[in-house]
Amino acid sequence: MAVPESRRSIAGCTRRRVLEGGAAVALLAGGARAQPDGPRELKRLVAANRILANEGVVDAFGHVSVRDPRNAERFWLSRSRSSALVELDDLMEFALDGAAVDARGRTPYGERMIHAAVYAARADVHSVVHNHAYGVLPFTIADEPLRPVVHTASVIGAVVPVWDIRTRFGGTDMLVRSIEQGRDFAATLANNTCALIRGHGAVVVGASIERAVLTAIYLQVNAGVLLQALQLGGEPEALSAEEIARSSETQFSPLALDRSWEYFCQRAGVDPG
Amino acid sequence: MAVPESRRSIAGCTRRRVLEGGAAVALLAGGARAQPDGPRELKRLVAANRILANEGVVDAFGHVSVRDPRNAERFWLSRSRSSALVELDDLMEFALDGAAVDARGRTPYGERMIHAAVYAARADVHSVVHNHAYGVLPFTIADEPLRPVVHTASVIGAVVPVWDIRTRFGGTDMLVRSIEQGRDFAATLANNTCALIRGHGAVVVGASIERAVLTAIYLQVNAGVLLQALQLGGEPEALSAEEIARSSETQFSPLALDRSWEYFCQRAGVDPG
Amino acid sequence: MAVPESRRSIAGCTRRRVLEGGAAVALLAGGARAQPDGPRELKRLVAANRILANEGVVDAFGHVSVRDPRNAERFWLSRSRSSALVELDDLMEFALDGAAVDARGRTPYGERMIHAAVYAARADVHSVVHNHAYGVLPFTIADEPLRPVVHTASVIGAVVPVWDIRTRFGGTDMLVRSIEQGRDFAATLANNTCALIRGHGAVVVGASIERAVLTAIYLQVNAGVLLQALQLGGEPEALSAEEIARSSETQFSPLALDRSWEYFCQRAGVDPG
Amino acid sequence: MAVPESRRSIAGCTRRRVLEGGAAVALLAGGARAQPDGPRELKRLVAANRILANEGVVDAFGHVSVRDPRNAERFWLSRSRSSALVELDDLMEFALDGAAVDARGRTPYGERMIHAAVYAARADVHSVVHNHAYGVLPFTIADEPLRPVVHTASVIGAVVPVWDIRTRFGGTDMLVRSIEQGRDFAATLANNTCALIRGHGAVVVGASIERAVLTAIYLQVNAGVLLQALQLGGEPEALSAEEIARSSETQFSPLALDRSWEYFCQRAGVDPG
């Protein structure tokens, strides 16, 4: 599937606009709650959208959010728009029940409840990615567990549970639409970093935007490597629990995280911030 | 197969010409039947051609048509030209027996009978895509049925029949050349949204251009996911009938359809219209 | 394998130079044997080089030649240079024993004997492609025969034999270096259109440059489709002998050949000529 | 996995800077040890970084080094930065125990010990590539040995051993951090050209930058071909020992090496030097 590649073209076309979208910046800067790191976090959220699109982790669908650095009861997420096209003015603020704080006529994503419920359940989470990455989808409908087999993917964690909306909610349109559905998903996610959604996609959480984005990218890389290793026959050698813990720490150290953030930003044509 | 990607380059090179091709617009605008939405529908048809090429759904071969919004007995289709290169002036009008209304020396596609026969048989169909998508082709020659396993592909419908021209027409050049062959194909398509043609490709129909294009794209995505899920072993978990119905409705709601149309247009470098 | 895509960038960068290279044109135009269609055939040969590179049929290695339209005992082939970079001035003339007619210090490909021997053995052949297409290579080292399963690939012919240099020449560097090796290969090719070379690549012949190029492209497409169909289980449904014959005729008709040549030229950024 | 492709965009964006980075050139030219071929070798090292990124052999991680042509006890390697972004000023000099000669505040790669230990153990090695090529990774965790099956990959050598850091060092973060770990790896590499690292990547060595880069590229191509050949069933036909030896010699002859270096440089948008 060669889709990821051409996503870049959009990022390329619109890269000049990333640092504009002055209205959203002004809104924050002039608002009562405006604090130094707010605008920078929102710029990073725009960059995260572009990176995920450019790396083929999201397509027309999928989204990424960040918890408000000044108010833990709020999070930011784009209006309903493909990640490849998201700009600062598209970002909307939400409460932890999924209600928009100041919609200004903008239509939110139908699945913002995933983000709301995860932020409510996990104080350690500051960024959430939801995607339908094509390389990950096969593992959402098969019995083979998705587990880390390469060190760059140690950050996905030892266990990647699969949540099926049908189990508790029966026949639906498969979207996580209500806060109850979001909470049910969050219960399956538990303390893990990634969870799959049957026939639908994945959710990846992180203590920062950079971590969530890096994890989402290598979740897909790892899925492809695992699939091919299985085709070679036998049981692929897995990372040990100790390797997962130690390698995760290294992958999230500034040495590795800064290098990869710079790299993915330049590929997507956005400013590392 | 990495072919899809470079199709983009053509769309990029010629994007400026998409909104020109003044002759075709003038023809419509000045014609006796000219109505407000005619030209807009033809621009969308050009966009559909470019999108399908850019996403790797068509290559040198394959085509997309739209029923005339002002005359249900007519449909529009490009002259014989690769979708990546189609412009407004390439669009030709056809009757439901496949005859060109005003050819002006242009050569039509050899397989326009697919479109003619489907429009004649299905009043609910307003757009038809015919393609040889590489990811779909394996399912045209294998026993494994192509069925939706991810929610974005619910729109392909529960059943995707396979039509073999050899069954009734024996040894041919495998193209659907006569209206009789087209009608035989349409009988196999029946009330489904997609049908495969053995050793040849697929046909996707929709109530609008946007729907047909989106369905054709996710038919290929779903084929790739299903193939990989099968490689993981066991029977991939399928969407239930209720999930297919409800998810289709959601995928064709403005929330999802407008977002993805904007996205695919921008990737292809064409105006969403 | 995503190699095909970036080959385009080179073609894009150098496309302006395709119609220059005045020296080679002048050489022909001013030469004693110069005739109207000579220069045009050489321009098409440059285009063929770029197309094959752009479509991922050749990489750093691989080449394409054309029989001299004015002298059946001669053929044209680039000097030793990657197809993506070939320009008019790189083209060299060879006799049917592989000797360069006017080398002007240019180094020929080590494997020009493939071309020489095939032109000597097959009066119906006017163009020869030799490549290491990644999607075709698996079939050169496996027992599964490569045969046409989709109609666009009917042109590869019913039988694609595999030649192993080791059988008659023992341990070599695997290149077809001598005219004897070339003749041995040509004997295995016999009257077929394509032949594989074990652990090395493929040779595709055609009655024209356009035919050879189109066949080489769809040989690789067909290999990918067949591999995936085999993964779906069961015996993939094959084209019948009659379908191969009739579909080949259609694929090589002006309707299909002109359309695809225009398409592949535009993708590669070269003039269709 | 279509990641390789978009790496090109970065190379494209920054290509103008490749020949700048005047400080590093000046450093060498003005230094006491400055000799004619030093700067040229460093330019080639920058080109190697860009090529490996452009061909999808490295991603955010991975690196390539060269032994100092004027001092066999030293080698050059970029500071900790993704290969796609490396410029002349990023290059740092190291001793064979991995200590930086003149860090100037720059942070070195965490795994420079791989390079240090290999240069110390192998006087014949003048360039070292370390990567996590996605197509190679499956072979690091499966029992199927990676061996050359196509002649362009003969250069990887008959035996590609797999090193597991866990065997001697237990639960680690999987990086080769100490000179002891580097030496243990080098002992497994022995006199081979390539070695895999379980759940991590590969190391490729060469008598020159060009050789190491070419070998790293075709190691990945060969991995993909072998994986697909295995899917076709049966035991893929392997190159014989004699074929590996003779073909390697040919692939490293100027005829093949210069052609492919020119090709890969142009694809990456860098000067062949």
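The letters A, B, C and D name the chains in turn, as written, and every chain counts its residues from 1.
Note that a residue touches a chain if its C-beta (ideal position, glycine included) is under 8 Å from a C-beta of that chain, and two chains touch if they have at least 3 such contacts.
Computed from a predicted model, the values in this text were never measured in an experiment.
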item	value
Chain C against chain B, contact positions shared by both copies (same if over half, else different)	different
Per Cα centroids, the chain farthest from chain C	A
For chain B paired with chain D, centre-to-centre distance based on mean C-alpha positions, whole Å	45
Whole-Å separation of chain centres (CA-atom averages), chain A against chain D	32
Chain A, residues touching no fewer than two other chains	1-3, 5, 135, 231
Chain B-facing residues of chain A, complex	1-3, 5-7, 9-10, 13, 59-61, 80-82, 84-85, 107, 110, 132, 134-135, 137-144, 164, 166, 170-175, 198-200, 227, 230-231
Of chain A, residues touching chain D in the complex	1-5, 8, 12, 54-56, 135, 149-152, 154, 220-221, 224-225, 228-229, 231-234, 236-240, 242-243, 246-247, 249-250, 255-256, 259-260, 262-264, 266-267, 269
